[in-house]
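Quick one: the structure is below, and I'll ask about it shortly.
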Amino acid sequence: MLIPVVIGVTLITFTIAYVIPADPARAWAGQKAPPEVVEQIREKYHLNDPLYVQYYYYISGLVRGDWGYSHSEHRPVLDCLMDYFPATFELTIWAMAIAIPVGIYLGVVSAVKRNKIPDHLSRIFALSGVSMPIFWLGLLLILIFYTYLGWFPASGRGITPSHTYTGLYILDSILSLDFQSLASDIWHIILPAVTLSYATLAVMTRMTRSSMLEVLRLDYIKTARAKGLPDKIVIYRHALRNALIPTLTVAGLAFAGLLGGAVLTETIFSWPGMGRYAYHAISTLDFPAIMGVTFLMAVIFVIANLIVDIMYAYLDPRIKLGE
Amino acid sequence: MSDVLLKVEDLHTYFYTYEGVVKAVDGVSFDIRKGEIFGLVGETGCGKSVTALSIIGLIDEPGRIVSGKIIYKGKNLLELSEEERRKIRGKEISMIFQEPMTALNPVYTIGDQIVELLLLHEEGIANIKRAPKELKEEKKKKAIEMLKLVRMPDPERTIDSYPHELSGGMRQRAMISMMLATKPSLLIADEPTTALDVTVQAQILNILLDMKEKLGISILLITHDLSVIAEVTDRVGVMYAGNIVEIADTYALFDNPRHPYTVGLLQAIPSVTEKKEELKYIRGSVPNLIYPPSGCRFHPRCDYMMPICKKEKPKLVEIEPGHYVACHLFGGE
Amino acid sequence: MEETASQNFGSKYESQIKEFKYTLHLIRKSPLTLAGLILLIFIFLVAIFAPYLAIEHPIYIGGQQTWLSDFNQTFQPPSWKHPFGTDDMGHDIYSMVIYGTREALYVGFIVVLVAMLIGVLLGAYSGYIGGWFDEVLMRICDMFFAFPGLILAMAITAALGPGLLHVMYALMIVWWPAYTRIVRGQVLSVKQNQYIEAARAVGVSRFKIIWKHVIPNSLPPILVQATMDLGNVILTAAGLAFLGLGAAAYTADWGIMVSQGRSWMIAGKWWWSTFPGLAIFVTVLAFNLFGDGLRDILDPRLRR
Amino acid sequence: MSKGALYGIIAIVVIIIVIGAALAVYYYKPAPSKPSKPTSSVSGTFTWDTIGDPQTLDPAEAYDTASGVVIQNVYDRLVTYHGSDTQTIYPDLATNWTVDSSGKVWTFHLRKGVKFSNGDPCDAQAVKFSFDRVLIIGSPQTGVSWILSQFMYSYNKTTGKWNSPDGESSVRVIDNNTVQFKLREAYGGFLPAIAFTVASIVDPKVVNAHGGVQPGQDNDWMSQNMVGTGPYKFVEWKHNAYIKLEYNPDYWGGWEGKHFQYIMIKNIPEVATREQELLRGDADMAYIPINHLTDVEGKSGVTVNKGGLTYDVDMIEMNCRPTYENKTNPLNSKLVRQAISYAIDYNTLLKDIYKGYAIQMQGPIPKGMPGHDDNLFMYHHDPQKAKELLKEAGYANGFTVTLIYNQGNDVRAHIAQIVKEDLADVGVAVQIQELAWPTLLDKMDRGDYSMIIVGWAPDYNDPDDYAFPFLASYQIGGDTYRTGWHNATVDKLLMEAKYEVDQNKRAELYKEVQQIAMQDPAFIYLAQWKHVAVYRSWLQGYYFNPVMMLDFYHLYKGE
């Protein structure tokens, strides 16, 4: 699956990137650059060549591990991604860590109390998440928790850990036993993670609810109840385990989606992540960067799907890997 | 009678739906004695399963038990709290379902599902994960014993299998062994053989008979299949449109059916011994339970319809010792 | 037999009418769905009667919507004169929010309709004929799914240049694969049905089978998806506006209004961003409430 | 995987969060009050919330403000400006200098004993190396090297020789502390030009250790790292997040008095966040756009410094070509361009859009710069005259034009609205078009536009940096905005002025140029920005110079 998807994704990006009516070389050089410099850039990065030749250069570079040169940052794309990807990844993980349990819990409550007040409340809460412009929510949180209460900081990732192993600040802080940066990093990630998680929450809730509703009608739930098991066990051990299977797919997709969808949150909270990089790249026509980001996203998407498949096999004994 | 295990008295279970109130069970009374197999027979949708679910207490929204009594060992189950009823479920009264394919949780092994029940009722541990390992091992041995009891082939291996790895008959055996693991007094079997092949059906029925002998339990066997009734039950209740129309010893019922509906049912059984020109059937169709016919529910289809049948619902009367019929034909006697 | 047309219709579609009545009943019984529906009706009415509801009206210069500035009226807090206050050029935010309803619905409907049309046609065809066409189309869909939607929309909008129309194109491109997937899935399951086999055996044409049997059966999930997507499209368009890729500044577009006003929110001029933000929130929530309820109601597995 | 593994993982995560939170509470509180170095008057961190990430830290390539401010503080140049004074050039790494009568040979005597922050000596070799490096590399990404190459000998990549009579570069080492510049042309703006960051002195050893100097090639290492002689040394750059600098204890200027130990330049795109961090005191200084100044003005602990004029200007350029989109271009007519210049309500713009933080731009050369003419004619709002001029030009019924600006620029969005309304009054319908920056540049480059709102910021303090790109024709290397405007007299005058050494004579030449430019306008000269800076009142030592970046060395935290 990986190879066709990746080829497809690079092709789409390439097509989009190069049908642009503007001259990227001019954008890379800047307004004041003399025409010779623009021409040099055009020459150097093969912008005068036909599209397929450029594509060939790109793919052959990719194979050699050269992801191209990011003109908006004046350094290789790979270096940029190594900076920005962990930031977004960390943010996304935390957002999912909030969204998954809360979303599943709300979904269960909603399904068990279908068409009763708890169902209505949790649905309104969850649907509010997907209905709110995420940047507006972010601003609201800053207004409340930074401006008025002063509990959490409003920008950045916090203190850089004394050693960087993974680029994930919190993990690095723990690994390097740098508790001051750990504290600061956790404090900094809370608001953006909450903001980012809210929209995903609804998706999780919705999926859990509908698959729970379906599962709850099945015979084995009747069996479980006929066994005299308490409701809690029936719901969480017997029903949820089965209902989680479709929810998991959604979680996997949502994770991959969040990585790319974090741009708004990253902008509001000045989070130096991939979304902002992509946005910046797009607004400066930094194609190698756009290609790099989308390529990485596609790979993550495929990996996320793979992980979901593995989780499936764990959750559902009927599914065997490799089938 | 002192040997009555369960007594159902004038049970009404209604479902409140968009179209109207479905009177799925509308005044059902019968009793089950210790150590007997009581059959409940009737066409699909006549309220057999709802009766069973009412007894075990699993009627869901929008259904509700409107009135009646379910007296088990001298206690009216309907007056107990949900918590007390839950403790009876699975320990005193168990139930197995029609579809062995779907009645077992696909994500847990057979062993887990049996052990869970044993832990719950014997140790009071609801969450299997909280149980100490030794205890689980002990229960697992017990579960294997149970599987042996239902003649499960290769029980040591089966116990670690997932439901989807077993055949339909094996699943139903697993189901039976699970539901009998706590040695309940009453087992409700809701069409336990319907979904199975004929050969497997017989095996399962034999196991049920076996269990009755070995464990001394009572069984409420629900089926639409008269041959199953004939084979295993001691006594039979015939249900029609939410009512019981006839109760008798199995032999007596087959030998001398009294209610026109029962007569019709028995005549509809194909037989090799006496070839008929044409199979008999009961004319008309199962009535709508929202707007059931007035008086005797069966009157629109009855060949012996009298004016009173339209007006008055007949009561269940004992026309012979142990043989009850609800029909105006016998009301006057 | 003498039968009037209406009787004929009534008896022919008896089951459909019954189902429809039942659906209406379910909607009535579900307070959230009903709330969503009422809100939607309200929003539509606002869009239709915008010129009567608004206080100020745009003029058109060079074919462009223009709101005249009034520097004596900048940053007025909400009052009777300006119910939602004014922005930094003295525009009446209430009027712009009212007119913005039209634009939001316009963007939502056009994008979803086009995406739906493409998706339904491709999906139905692909699922029905299968083979290499199906394979290729599904791989193309995979690629689109592997692409984060917002980034793709950003890239396309950047490629086409900012502007509402370009945003709409971008969103259409992003949205169609979802419909293709749904319809194809439905087609595959419907295709298994006996009656399709039968229809084929009698020699009913492919097109007719798709049109008469496949599409109507796929309608409920598509309808649900479309309802929710209407909200999503409005939200995504607002997100693009926030990034400076959508509608032009000082037009009656909720996204750009929230975006322009956002930096003033914390400084105490909360109304500029808040009212259009609320408009987005309420509209998207209405679509979501209705869509979510509809999903419950139309789901055959949960229907009874 | 065992049954409990999943829950085990969740449990571990939860435990980590809880422990982390506990530690956070324990450790986070004391962090701000951590004692600073008590022994020195150098202490604390200066936190500056601003926008934009530097493009590169290499002075040979940097051409944007975000890069410039870091480079200016980490590297030194031969000469510099002091305080707000734009008229006098002061010594920096050079202590004094002489120039011969031709204006082509400059001799600089270097400050002795200056060391780079890594201990390497900064001598005449380093100076020569630095200048040569800029010209050899030739700034392939940004083209900034034109600032030096317009008066110095260029380098020929293919022959490996300099394009000078003797094949040597313009910079010669006389002795360890003396360098001599032999210029290709006597350039009037030489000293201001070498005060710009492109003329920063880099450490040859460091450069040679990291890739050396490749003709036509960027140095990747230099774009991400810096070793200079300036007051601050580079600590780390987290792209899109912050740049951290630390004071250079061996700085030749010494550390008498109060200074900041660390400099933190944070990149925060949201103005609301910058505002909040400033108001809460988490930032010492913040970039606040003028339309947001009211949010912070008058708040306790916040100073809004409005000292002086900048050289930043806003204009609307007009496409002067005879045809546009295969139709007669109304803007080709001088009368139409005059009419449009009269149609704009400058006072409204200045008052309501610029909020008083700008003056009307008086010709192409900003006020304060040498060559500016205080008596130059300025257009004023006169719709009646505009209508008459349009009538005279044959456009009594008006026409439609498109006005382009780059999306996301608030001030320009405002300007566009006002211009639209103003021109509608004289019968010209304006269609506003917001474009992404690259698309806008591209349209400009191809001359595919009617009007574009543009701006210009100074590279160095010389009128040539304004008049030439605006008014010289494309043929002689001007017309950066591609207006298509062409005037042979102006071309001649501009070239003459460029290489004229006598500053008074230059001023006269520029005066003549400007008069022609106002009579036959290619631009609507809108506004010249006033300076405004917003910082915490505890910040001391702040001053503004229109041709220099923020100077960290003189900042300190007062009581």
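Just so it is clear, A, B, C and D label the chains in written order, and each chain counts residues from 1 on its own.
Here, contacts are C-beta pairs under 8 Å (C-beta built on N, C-alpha and C of every residue); 3 or more make two chains touch, one makes a residue touch a chain.
The model shown is predicted, which means the values in this text are computed figures rather than measured ones.
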Legend entry - C-D against A-C, pair bridged by the larger set of C-beta contacts: A-C
Inset, instruction - If we define chain centres by averaging CA atoms, which chain lands farthest from subunit D? Would you check? - result: B
Legend entry - Euclidean distance of C-alpha centroids - subunit C vs subunit D, Å: 45
Legend entry - Separation of subunit A from subunit C, taking each centre as the mean of its C-alpha atoms, in whole Å: 24
Legend entry - Centroid distance [mean C-alpha coordinates] between subunit D and subunit B, Å: 88
Legend entry - Computed distance of Cα centres, subunit B from subunit A, in Å: 53
Legend entry - Touching two or more other chains - residue numbers and ranges from subunit D: 270, 272, 276, 436, 439
Inset, instruction - Would you please write down the residue numbers of subunit C that are in contact with two or more other chains? - result: 158, 161, 244, 262, 265-266
Inset, instruction - In the complex, go through subunit A and note every residue touching subunit B. - result: 218-220, 222-230, 232-233, 237-238, 241-242, 315-318
Legend entry - Contact footprint of subunit A on subunit C as seen in their complex: 29-32, 139-140, 142-152, 154-156, 158-159, 161, 231-232, 235, 238-239, 242-244, 255, 258-259, 262, 265-266, 273, 277, 280-281, 284-285, 288-289, 292, 295-296, 299, 301-302
Legend entry - Parts of subunit C lying in touch with subunit D, wherever the complex brings them together: 61-64, 66, 68-69, 71, 74, 88-89, 158, 161-163, 244-245, 248-250, 260, 262-268
Legend entry - Residues of subunit A defined as touching subunit D within the complex: 20-24, 26-34, 36-38, 40-41, 44, 71-76, 80, 83-84, 97, 101, 139, 142, 146-147, 150, 153-157, 160, 170, 174, 179-180, 182-184, 186-187, 267-270, 272, 276-277, 280, 283-285, 314
Inset, instruction - Can you check the complex and tell me which residues of subunit B touch subunit A? - result: 56, 58, 86-91, 94-95, 97-99, 102-108, 116-117, 120-121, 126-128, 162, 164, 175, 178-179
